[in-house]
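Structures incoming, each one as structure tokens.
Next come two complexes built around subunit A: one with subunit B, the other with subunit C.
Up next is the complex of A and B:
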């Protein structure tokens, strides 16, 4: 994997009134391989958009470096970077037709007439077909739906054949159904075009579904950078475990730690065994991450944890049980298939933990 | 939906307001066609005589052209200086930006007579000879803020992503201005030009102090009125009303275009 974009200790400080000020981005290091689909994921204000805008050149970093194929581009002007950006509000030019919008990047002065009128027309047709808008070339942006507008914006970004395409929450203003359709569209485009996609979103499902790698950000820092599977199955911090998926964290201490695995003791004295060994000392305080799909309910005595059903929610695909663990050790959610015999509200139950999937995160 | 308040009361109040606003205008229009050399009843018959007199009245016709000349100059000044100022306010951070934004409104908030006196003593200090051009300069300085505020508001409403998209696609400053900024603010700019033109056209306080030997239309009408309301004055007023109505219709048409453009924001 050759490195396409590299961020080295990138920082951005916004000066507030008086002496106040804050680090929007506070030391980001990241290597993004060529042709990868990388997502910066985090809540609003975590610094993901500022990071993307620094890569694009819209914001000047306070310190740190941005490298592209090993060359420092930190001080390069936006227009010279030849990276294209897709904006959340589409940023279409309302006075131009769809075709004129898409052609814009081919007709600027810096293209020095490299594309003749016939070539521009051919390419616009090609890229409008790519985003399934071939029949809308002569419409104005205000005549299009939200999804269509974002397709135009995509075609406009892709037409100059950039190596790197940046996405700033491009699906944020679309409804849930359209978002799903566009996700599939973006994955297809990424596969077909073999370009580096750097994508910003606060929607973890979107990030999980599309990315080769996800950088989970919080407070201007990257909390964890890894594949969706790593981030989901092996979060390295409580923050990541809590942000991704529907994990519940139960306080525990390490009971035994060795090459064969790990066991942790909950506040109520019950013990859970995990397959994965960890570099932890006996007696150390940890958080036990228990996801709903890694737990199953059983009759009392048939599992390692015990508790009482406090709620059950019928979700269609599954039944979600809320279980209060014995001795107030914590609350977990459990997904059970809908065909299984139901557990009543208030019933005493046992929980079986999938030792391959249960995971601990360090620190109290 | 329940009607607002007491319906007959609201209706009669509205009628009264409209009556006091428009009845005097209607009176002027009617008397401009009255075949009598006095402004007043009875109505002696329809005539275009006063319009003929108006056209051959060198003093009034000259001052109409002076007014148009000044107003066109004022519009040019406001666009040449107001448009870049609005763009600068929207796009760049510079020292004293906050103060500049507020102080730019000052000439229109201050009573015209104060602006006039200030400009007069300023010009006298510079030994500038008073003429139509000093009026143009004075009004232009005062009315530029209309263009600045109108265009600035539109730019703020547009947001910066269109500009960023254009820059990101490789456009230089001129291309951004030509293809994004100017089309975006076109309707507000046009509206501001119309407003500046019409305010300039009937401005009297600043003009009174800054005028040289030549007079604008409001000044001439005013001096004529000191003797009596002649039918020619009514004819001139009617023409101005007609032109104003045309300008208002054009302005409304243009701002409707702006509404359609604004809805594309999202």
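Up next is the complex of A and C:
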């Protein structure tokens, strides 16, 4: 038996206007261990929210199974699941005070008798303190800022001590600064409370910063499920490589492949060496993933690739150069420290590739 | 410069200020041989509260208005709820909404008259009951009493309650209901603790409209009401058209307007108190 949440070939089809409808979720298999912070990441319409809503019980899967600690909960009503959800629009009850909102989950009929009035009051105080809202208990939701509303919604979700907490783009309606603050807050809560967090977002920075594991989704399918480091450094598909970070993919063919490493040849004949061995055939077409921070510029002749600077952008933390590779082999971006000697627009340059970080993704 | 203000000012003066001033002027006079004699007496106002049947009829009209408002709300709430929450397709939603409004394309008189043909001794209801063998004699209790007046008024004014409750329910985001379910609340709990409280301002707004319309109605009592179900507007019409006692009619009118304003301030305050910001 596995503890945690397991999704088995989960599918959901919405009957659309056409006869066929379309698969919002198209065969998702996933194991989420107890206490993990797992993020479903992808663009809108990729199926991440539908997957989360099926876990919560708001949507009925067309087929497939949801297991919790080995028990099939696919048909369990939402009211019985005791997984709490934090909504993007906060979903605070406007007719109740902050304290009443937070107490709601303790005062439902199914909880009757479990918590006395004094215990409810004590817990509400405790959880409001946990989210730093101790002094706002008697306010109404409309008197709070967006960040405060989301904290109330968090306290309301956590107060019944669920082992699984679901987040549906909870920071989506907050401004950039507040998002950063709340990210740190969520990581702290996850560390302190030791609960399973399943988190949906389209923001890759948010996903990278907070998660133990990320499932990158597209077209109703999980494209890759792994740690943030795996997803970033070793994407398994062009889609994931393009979606995460500032990766540029240059078409290449395998020149040499063995246990010691891998060489690929670009369209212009230049060759790049990679440290990581790969099970690829000589002559196979691949995409060479080059991230801006894994490249550096040098004088012509001092690097394995050559090209011409077509643009440079001062970004404050670094200077971003756009370089057209020789022979029209592709375009890459390069981040250079701001204190380095600048390269002029139109200058011929060489590029050094960090062989430990360069990576190939299969398929043409 | 301020020429654009002329139409509203003219409209306001001619149709609001002047009529009120005239009403007030008439209420202070009296009649001699059915002719108006100007004066400065508050005697007519005193008569509203002392002479039969004025105060009693005002109170009865208020009772009929209140009953109508309550019954309308009871009928309207579930209907508005179904339109707002249990109608997935937008076209069905629009169709239901339209069906609620459509009766307003028919004349009030026709609708009130229709109840006569339903409730009367030779009416549809009695024919059905007799046909099914529930009764041998036609039941006379259905028509020409306060019951039939309230029934007709409720039928006619319920759409106003539906629309104002619907407008309030429509604003409740689905995520609120989902959040409540997610926190373990059952259907009744969601109704009592979330949906109903949030809908209260809509119930009050609909109540003000249905109460005011029913309170001032004079058609239903004439068509389907009995000899004892006269309402205050019928008395005013009689004072104007039969007794030619315009001063008395004006005094009753002003008392009713004052009561109405008081009621609107009270409910307005209640509405503000129960208002939730979604």
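The working rule: the second predicted complex is superposed on the first by the 359 of 364 C-alpha atoms of A that agree within 3 Å, B and C clash if a C-alpha of one lies under 4 Å from a C-alpha of the other, contacts with A are read in each partner's own complex, and residues count from 1 in each chain.
We adopt the following convention: contacts are C-beta pairs under 8 Å (C-beta built on N, C-alpha and C of every residue); 3 or more make two chains touch, one makes a residue touch a chain.
Just so it is clear, the model here is predicted, and its values are computed rather than measured.
Bringing the complexes onto one copy of subunit A puts subunit B in a clash with subunit C. By the document's definition of touching, neither partner reaches A:289: not subunit B, not subunit C.
Residue contacts after overlaying the shared chain place A:58 against subunit B and subunit C alike. Of the two partner chains, neither subunit B nor subunit C is touched by A:332. By the touch criterion defined above, A:10 lies against neither subunit B nor subunit C after alignment on the C-alpha atoms of chain A. In the superposition on chain A, A:173 contacts subunit B only, with no contact to subunit C. The intersection of subunit A residues touching subunit B with those touching subunit C, taken from the two complexes, comprises 56, 58, 78-79, 82-85, 87, 89, 91-95, 104-105, 108-111, 140-142, 156, 160. Considering their complex, residues 56, 58, 78-85, 87, 89, 91-95, 104-105, 108-111, 140-142, 156, 160 of subunit A touch subunit C.
Interface residues of subunit C facing subunit A in the complex, by the touch rule stated above, are 173, 175-176, 178-186, 189, 193-194, 197-198, 276-278. Across the complex, subunit B is touched by residues 56, 58, 78-79, 82-85, 87, 89-96, 104-105, 108-111, 140-142, 146, 153, 156-157, 160, 173 of subunit A. Those residues of subunit B that touch subunit A in the shared complex are 159, 161-162, 164-172, 174-175, 179-180, 183-184, 260-261, 263-266.
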